[in-house]
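So that you can tell them apart, the chains are marked A, B, C and D in the order they are listed, and the count of residues begins at 1 in each.
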Amino acid sequence: MKIGFVGLGNMGAPMALNLLKAGHAVAVFDLNAAAVQTLVAAGARAAASPKAAASDAECVMTMLPAAAHVRTVLTSEDGVLAGIASGVTIVDSSTIDPASVKEFAALAAARGNAFVDAPVSGGTGGAAAGTLTFMVGGSAAQYEQVRPVLAAMGKNIVHCGDTGTGQVAKICNNLVLGVTMAGVAEAMALGAALGIDPKVLGGIMNTSTGRSWSSDTYNPFPGVIETAPASRGYTGGFGTDLMLKDLGLATDAAKSVRQPAFMGALAQQLYQAMSSRGDGKLDFSAVIKLYRAKD
Amino acid sequence: MKIGFVGLGNMGAPMALNLLKAGHAVAVFDLNAAAVQTLVAAGARAAASPKAAASDAECVMTMLPAAAHVRTVLTSEDGVLAGIASGVTIVDSSTIDPASVKEFAALAAARGNAFVDAPVSGGTGGAAAGTLTFMVGGSAAQYEQVRPVLAAMGKNIVHCGDTGTGQVAKICNNLVLGVTMAGVAEAMALGAALGIDPKVLGGIMNTSTGRSWSSDTYNPFPGVIETAPASRGYTGGFGTDLMLKDLGLATDAAKSVRQPAFMGALAQQLYQAMSSRGDGKLDFSAVIKLYRAKD
Amino acid sequence: MKIGFVGLGNMGAPMALNLLKAGHAVAVFDLNAAAVQTLVAAGARAAASPKAAASDAECVMTMLPAAAHVRTVLTSEDGVLAGIASGVTIVDSSTIDPASVKEFAALAAARGNAFVDAPVSGGTGGAAAGTLTFMVGGSAAQYEQVRPVLAAMGKNIVHCGDTGTGQVAKICNNLVLGVTMAGVAEAMALGAALGIDPKVLGGIMNTSTGRSWSSDTYNPFPGVIETAPASRGYTGGFGTDLMLKDLGLATDAAKSVRQPAFMGALAQQLYQAMSSRGDGKLDFSAVIKLYRAKD
Amino acid sequence: MKIGFVGLGNMGAPMALNLLKAGHAVAVFDLNAAAVQTLVAAGARAAASPKAAASDAECVMTMLPAAAHVRTVLTSEDGVLAGIASGVTIVDSSTIDPASVKEFAALAAARGNAFVDAPVSGGTGGAAAGTLTFMVGGSAAQYEQVRPVLAAMGKNIVHCGDTGTGQVAKICNNLVLGVTMAGVAEAMALGAALGIDPKVLGGIMNTSTGRSWSSDTYNPFPGVIETAPASRGYTGGFGTDLMLKDLGLATDAAKSVRQPAFMGALAQQLYQAMSSRGDGKLDFSAVIKLYRAKD
C-alpha cells in the first residue's frame, strides 16, 4: 500500500519504520532533514512537502506535536489537502483536542476525504516495538479500512466510536493517569514520612483497593518497582511536560462542555509546579518530589 | 484459645463468628444487646464489660468506630486494661490514627501488655467470608503471635512494620483509593459528556495506564462493571461517610508530620460535598454524581 | 476627533454613546443591525464593515467578546487593517490573553499602526455612566495619545506598562477577585452553618484582616450588603460565565509562563460547577450556592 | 477588680500588663517562671497554680495555645474550676474550636460559672498597644459583664452571638484571610512573571474589585507595601504555622457540620507545603515563595 507519512519525531519515525518493515511504500515528510534521511536509508521516499507526500498515497498518516501543526500540515498551500486524491483517508495519530478533530474532519470531508483520529499510547518503546495501542475515532467502515495499516504499528487497535472519540479516550485515560499518579505519590511520601517501608506499602496497595498502574507498574517512590523511572532517577518514561500538555487538553475539553474537572485541574497545577522549578523533562512520576522536602 | 472480643458492629460481629467457627472460645462485649445475643446463639459467652471480656482471655480483640471508643474501652474503670492479665496481647482492628496507636501501646506496655494495630480491608463481605486483609503493626514476635488468631478471620495477614504502621498502611491505601476514585469519576463523566460510550472508555482505561481497582473492579459509571455498586444504585459497598472518615485520618496524619496532601484534601472536600447534600450513606463511588448535573 | 468603533454589545454600545456625547464623530460597525441603529439614532455614522469604520478614522476602538473576534475584525478582507491609515492607533478594550495582544500589535506594527490594549473594569453600569477604569498597555507616548479618547468613557485611565500589560492587570485582578469571592462564600456559608448571624460575621470581616471588596461591597450572603446582587437573587452584576472566561484566561496565561495557579484553577472549577448546573447567567457571587445544600 | 490570668505568652503577657495599667489587681500563672517574673515586676501577684490564680478572682482570663491546654487549665486538680468561686465568669481568649468552647461552657455551668469565648485579632502589636479586637461569644448579659475588662486590652469588643460564636467569627475571618492571601500571592507572582511592575499591579488591584487587606495592607510581593512583612524578609507578622493552625480549625469545623471547604483546604495544603520546607516561622504572606521558583 502507498502511504504518505508526515511527522518523523520520537514517535513518528519508528512508526514509519514499522510501516516500511510491513512492506508498505512510504513517502515521508518532516522539516528535520536528518529524520527524513534516516527513513530514506530504510527504504522510504523523501517528499518535498506534505502535499507531495499525499499526492499519490492510498492512505496518509500524520504524527505531530499539537493541533496547530496538524492545521498547517493539512491546510497550507503545500499541505496534505492540496495534494491528496479524493476518497483517500487521513489518519492522525497526534494527541489533540476533540473539537479540532471535528473541524479537520469537516475540512477533509469538503474535499471528499475521511479524517480519522487515532492517537496512541505506549510511548517510544511501543512505537519501536510495534506494540502501540491505537484509539480510533470514526465510522465502523473507516475503522475497518484503517485497521490493517495501524496493525503494522500496534497491537491493540481499538474502535472508540465516532470521529473525535479516539482523542476523548486518550485524554480521559491520561486525566485518570495524571490524577492517580499524583495520589500515589502523595500517599507513598506520606507513608514514608510516617515510618512505613515504602516497599511494604507499595506491596499492600498493589494487592488491595489502592492498586493502579501508577502504583504496581510505575510506582513513583525510588526502589519500589525496579523497572520504573523512579528507580533510575526519573529518566526515560513519559515526561512531565507531556503530562502537562495532556492535562491541559483534558481541562480544556472539560471547559468546552462546562464540566468541572476538580482533580484534573489540581493535578495539572502540581505538574506545572514541577515544570516551573525546572523538572519538566523528568518522568511525570517525579511529581513525588513536591512531597519530599529534601528532594 | 480464649479470646475476648469487644465491638460487634457490621465488621466485628462476622469476625467474632469466624473465631468461633475456628474453634476458639470467645467472650464478647458490645453495648448493643442484640448483637451480643446473636454471637451467644453461635456459641460465644456474653461478658458484662470490656474488663470482663478481657479477664481470662489469652488474646483480646477490639473493633470499634474511632480512637475515642478505643480509649474508653481500654481505660475506663470497666475497661480492658482493668481486667487483662499481664502478658496478654491486645489486637485492635479499628481504623484510627497512628498517633493514638502509639499512645495506646504505651498505656498497654505500662501494664505489661502488647497493643498491636491490625486494621482490615475487605469490607463486610470479606469479614463474613473470612477473607479480610489484616495490616499488622508491631514487632516481628508480636506479628508471629497474633497471626494464627487473625488467620481465622482473614486471608492475607501482612506485617507492615513497627507499632502504628498497620494504620499507616490502611490510611495511605485509602488515601490513594479516595483520590483515584474521584479521578476515575471525573474522567468517566467527562468522557460521557464528550460522547464516548462509557463501556468503551472503561475498557480502554482498564487495558492501559489509566487502569486501577477504581476503574476495573469498582467503576463509578453505571453499567460499566456489572458487579460494582454503580450498577445497583450505589447501595452496599463502602459508604461515602466512611471514606470521608479515612480521608480525614489521612489529612490529619499528613498535618501531624507537616506533609502536604493536596490531592487527598481536595478529594476529602468532594466526598464532604456528597455528604453535605445527603448522600453520605451511598457507596463512595457515587462521587460521580458531582460531575453529572442531571443526577 | 474621528473615531471608528467596532463592537456594540452590552459594553461597547454605551461606550460609543459616551464618545458621541463628548463631541467625537463616530463611525460604528456591528453585525447586530439593531445595535447599530441605536447608535445612529444618537448621531453615529453606520459603517458597512470594520474596514469602512476604520477608513477615515483618527483612532479605532474595538470591544469584542474574545481574541478570535479581534483577529477576524483586524485581519479579514473587510477588516480594520485593510482600511486604516498608517499611523492611526487601534485601541482594543476587549478582555483577551496577553499573547494575542502581542501578536495583534505585531500585525498592526507591520502596517505602521500602534495596537494598544485597554481592557476595562466597572461593568455595564460604569460603561453607561462613563466611569470605567481603563488598564492601558503600551508605550508612554501611546498612553498619552489614547488617554483623551478614553477619558470620554472612563474615570481612571491607568498606564500599566508595555503592550499587553493592560490585559495582565485585568486578568490578575480578576484572578484575585474570583479566588477571594469563593473564599468569602465558603466562610460566610460555614459561619452560618456554625450558628453566627451572617450580618455580624460580615461586619467583623469587614473591619478586620478578612476585609475585601468581595466581602464589604459585594458580599455573597443574601442580606449582608443590601446593594449587592446576593440581596436581589444574584441578578445583574458580573455573570458567572464571564468570571469563568476570565479565570480561563488567567490559568492559560499561567500555563504559558509555566507558573502554577493552584487557587485560580480550583476557583475556576467551582464556577464551572455552577455553570454546569445551569447557573452560568447568575452573578458570580452565587458560587455560595455550592456551599448551601438547600439552595 | 480582682482578675486571675492564666497564660503569659507572646499575647497573654502584654494583655495582662494592660490590665495592670488599667488599675486591676491581677494574679498570674504560667509554667514559664520568667514570664511570671516580668508581670510581678509590673505589679502582678504570682499564683502557684491556675486554681490559686482563680481562687479569689472576680473574673478569670485564659490565653493559651490550644484547646488541650484550656482543658488542662480548667479541669486538672490544680485547675481553675477547682478554685473559682461560684458566679465568677471565665473569659477565654485562646483560639480554639467552637465545639470545645461548648464543652468547656457546660463544665463551667455545672459549677455555676459562665465561660465566655473571646478570641482576639490584632497580633502582638495590638496586644501591646491595647488595641486588640475581641470577638465575644455569650449571652447579652455576659457580654455586658466582660466588656469593661476587655476594654482595658482592646479597642473593639464585638458581641458575636451565643457561646462559641466568638470562635466562629475568628475562624471564618482567618479562613477568608488565608484564602485571600494565597490568591493575592498567586496573582502578584503571575503578574510579575507576565511582565507587569508589581507596584503598578498592586495599585490597580487596590483601587478595584481585587482589593483586600491582603493586597492593600499586607501585600505579599516585596516592595509593594513598605510596611508589610514582605518588605522586611517576611519577619514579624503572623506566622505561617499559626495560619496553618487556624485553617486546621476552619476545615475541622467545616467537617463537623459536613460543609465543604474547598478553598480553605487547598490553602491549608499550600501553607503546609511552606511549613514542610522549613518556612513555618516566616510570616504567612511568604506563601508567595511557592510561586516564585527562584525563592
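In this section, contacts are C-beta pairs under 8 Å (C-beta built on N, C-alpha and C of every residue); 3 or more make two chains touch, one makes a residue touch a chain.
By chain, with names taken from UniProt: A, B, C, D = 3-hydroxyisobutyrate dehydrogenase.
Note that the coordinates shown come from a computational prediction; the quantities given were computed from them, not determined experimentally.
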item	value
Greatest separation from chain B - chain, by CA centre	C
Inter-chain centre distance, chain A versus chain C - centres from mean C-alpha coordinates, in Å	37
Intercentroid distance (Cα basis), chain B paired with chain A, Å	39
Chain centre separation (chain A, chain D; CA means) in Å	52
Interface hub residues of chain A, defined as touching at least two other chains	254, 259-262, 266, 270, 273, 276, 290
Category of the chain touch graph - line, ring, star, complete, other	complete
Residues of chain A touching chain B in the complex	98, 121, 133, 135, 156, 158-162, 164-165, 168-169, 171-177, 179-180, 182-184, 186-191, 193-197, 200-201, 203-205, 207-215, 218, 250, 253-254, 257, 259-264, 266-267, 270, 290-291
Touching residues on chain A, where the partner in the complex is chain C	244, 248, 251, 254-255, 258-262, 265-266, 268-270, 272-273, 275-276, 280
Chain A-touching residues of chain D, taken from the complex the two chains share	262, 266, 273, 276-278, 290, 293
